[in-house]
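Right after this note come the structures.
In what comes next, subunit A is part of two complexes: it sits with subunit B in the first one and with subunit C in the second one.
On to the complex of A and B.
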């Protein structure tokens, strides 16, 4: 049943104060994740996906950033109000993070075994031998061959895919309830990407952890998520289950994203690949009304004046566009 | 027959090994290392190496020339000073003092400088600004002058000279550490360390600092050289080691009047200082070439 919620974000606002200007990186974002479910968060670079993720972990560098409003209810606890000490017991233990760059997310001067062991050491009271045993177990689970010997490797001795497996092992080490995967496959090549996604899906059903999956790749979303939120300029512009999003995208931005996926075997005669005109507006200087109005193919005169609210575009399908008002 | 393939690339060695072999190939740096080792061995085995007590005066053996002089004898290989003390013995014990001064003062500067530099670079903002302006103030004094002021305040003694040199060396360590900490703190593994629930001090000292060791080691080695020089300078001015201590700077100071009559009394401790400083500097430069990837071609 989808009634219970693990994570409930309400009207989250994260802003960055640079000199006398304010960037509304996350503006009134709300969504929920049920235990064991996967929510995909899609959007272009700079739309606020990662800031949302870092806000949940309370890893926004302060200053210049600050969570100025809203709440993040995790297991009934409001993380926005949690102290740093409380956050430390949550990070890596109940909520963990998988990073984009397996090259830089591991510390180059320590062995991978030490780094996975450190997470366990920070949260569980275990002896050295027990930690080591657990690390080997984690390595086996994420499919690292010969874990006993790979344990003592330094990150540079491993391939990108293996390093990403180490990072997933780190994220899983304390069996968290929620994993935030921030573009976990973007830096990997396609075959490794498929392996990692399969691995994550397998581990998810094994451990029952929920995943917040952040990506700009709609193909990956189709494979991973049950629900999808599309972000644009710090706001969620469309929210739907994965089926209805792909079958009947509602927001012109989502439609544009779908159209700009190249299709294999597309006839040369058919025309060039469709793209979304223009670029993402600066967060310091958003257009009036709808933030997408300056690029929208269906723009109406009203769009540049009124900020769109949230409207229904079908069963449990929300869209922030005046076309559906 | 097919060759067995190994999983690991044999050329993919640990970066530290790479750096060590780079250092080994640098003959000048190795020459520096040899001098440093001789110096350290002399300091450690001073009682065994010195033929006489460095403080024993002898009325009959005043100003004996070294062995290569026409009237020199093997009895006093490097001659004697105006009180008949054996210069070789004094130089060997002087190495002990110089080594101690450099270890203590550089150790002090290393500890304090690394601590405030890393906190400063990690916290940034206001605290960083205050600390670094303070360091700028210390750096804006000619540091031997600052050391003189500190010794003048604390009173002349070898211990106070070590403290003074230590204090004047804090800024260079603080600056270097701060610079590399700022650079490292931007990296993903620091965010990753926070994301697994590590405390700030743990991130600074156990995650970031080990990545900043390269420039720190180089700075330490080079500081040994200047600490020896500065300790000698302070002693020469009468603010460091006090007579009859066989400190090299003090030995030079005491034999100034003999420069024409018995030049070896003053020249030999000068040469000792020269070689010790040169050794650390050559080795430090070699380390810098090996450890700093920006300087590698």
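On to the complex of A and C.
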């Protein structure tokens, strides 16, 4: 364990109130990120990974959502208690975000240069010429060819890969300490995804920014992260360094996920995939006890009664499963 | 061909071309064309799965739709069980439609929200005059059970189902007419991993039980390898490589296939990828580069690649590739 932490989330609870029902989208989530490290957050749709990210940025629409408990310590400051004004100096400046959809994350009526420039203008006191210079510099760093002329392009004039580069340029413009990347390559083709992942790894070692990398793709996680947290139904069910997670997954859900993805060469030994039965339960209607109990192949009678705590499954390897109690 | 399958071609396409005209000017003349599928020839044998991979916009979906005649081909031949169907009218096509079905990518937009599951699956039977009244109802129930749903689902509407269940309904609809050939157009791409695995298994089981022939279109190389007997790789409207799945993944010949395979992330942190990172983007199919269409991004480009277009040649027995360097 590193002593130094950049971000420490403790018992975070974010809930959505819909009529008289409550969805516990993020339930008692805790993790830390060290400066310059990459934490991968994996899970299927609806597991709460994006809500966790939006909670850190305090972008949860209120109502219906609300952070009802826990703390988010960033550089010693609790973001849960921060005012909107304080948040505005942090967003885009010290914590920035890369979104999934390069098509919708940019404003179609402003040039990409203006949009990247706005971030710099808001957080740094620079003249117009200096801002422009800085944007050109950023475009060069993210590998946009001919940055001086691309600056005046509108988003629709660019390809998906180029737009994602613009968004990364925007996220990096103020040299943030933490970048939250929410499925940054999901909408891209494989060859373009390879370009963007390569770029992000390069920029990370250049700038020393930490990354919270959210994805559903275990292949991408294996390539990008040092530590991985697996989420299921609003909770982190397993946390480990990337090697232990892939070599000895502990939680039955993680095991199931890894078995259900086809990999080259697998066909020779298996004609069918091993699957996780059933579907992800609704957050409004979670099973009693362990939320995974209704799909778990190793379910025990106490799983449907007792909520599992966090147990150790090895060196700095945490798992939320009664098998390890 | 793997020995266990029969060696009779079910679907053959020869020099298939599909251009979408772009109209412009005051008289709406054709000013350009999107060359979605450009001179493609393929054979799909009875009982096999042919995988079709490529990145977005390479024409793989257009190819799938054109060979079902959901899109009119611009030129070329389509043979289904030896019959030339490219010029068939929709009346002539109707009896054949029963035999060829498609499963779409998006389980949210491919089902009519105003119809119950029972009528979504039952209606194709009604149109084709298969079964009557009660028999039809029983048949729908049987099909639902085949895809892992129950009879209680018949009266429900699509919005009452999860993504994975909806995709099962899409599969059930394709099964309703007892087809021989099914085009799976990114049929599992929109699903979460755990659900994707369930649908992949379902498709494989159905093939085993009913002897279906699949054209499996996907951008996910891992899934295609798992599903297919043979694989064709498409780039900008053309097939660049075409062979047995095992051969393709063990010894890819075309530089594009090599890059594509190396760029696809492996779920293994110790996997040393010598990733070939292609520069630039896929060019527009409206104005594809002259010569080899891949030359703008090819790491091995030679002078002649910019001038002449390479033909698909048999480099090794049953291993076809379109590249001058081979």
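Here, the second predicted complex is superposed on the first by the 322 of 325 C-alpha atoms of A that agree within 3 Å, B and C clash if a C-alpha of one lies under 4 Å from a C-alpha of the other, contacts with A are read in each partner's own complex, and residues count from 1 in each chain.
Heads up, the rule we're going with is that contacts are C-beta pairs under 8 Å (C-beta built on N, C-alpha and C of every residue); 3 or more make two chains touch, one makes a residue touch a chain.
These figures come from a predicted structure and were not determined experimentally.
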Subunit B versus subunit C as contact partner of A:34, first or second or both or neither: neither
First, second, both or neither for A:217, with subunit B first and subunit C second: second
Partner chain in contact with A:273 - subunit B first, subunit C second, else both or neither: second
Partner chain in contact with A:63 - subunit B first, subunit C second, else both or neither: first
A:195 touches, of subunit B and subunit C: first, second, both or neither? second
Which superposed partner A:261 touches (first subunit B, second subunit C, both, neither): second
Partner chain in contact with A:236 - subunit B first, subunit C second, else both or neither: neither
Subunit B versus subunit C as contact partner of A:25, first or second or both or neither: neither
More subunit A residues in contact - subunit B or subunit C: C
Residue ranges of subunit B touching subunit A (in the complex, touch as defined): 8, 12, 14-15, 125, 187-189, 191-199, 207, 210-211
Subunit B-touching residues of subunit A, taken from the complex the two chains share: 57, 59, 63, 87-93, 96-97, 99-101, 104-110, 118-119, 122-123, 154, 156-157, 167, 170
Residue numbers on subunit C that touch subunit A, as the complex places them: 55-56, 162, 164-165, 192-198, 200-201, 204-205, 219, 221-223, 225-226, 245, 249, 259-260, 262-271, 273, 275, 277-279, 281-282, 297
Contacting residues of subunit A [partner subunit C, same complex]: 44-45, 159, 161-162, 189-195, 197-198, 216-223, 242-243, 246, 256-267, 271-276, 279-280
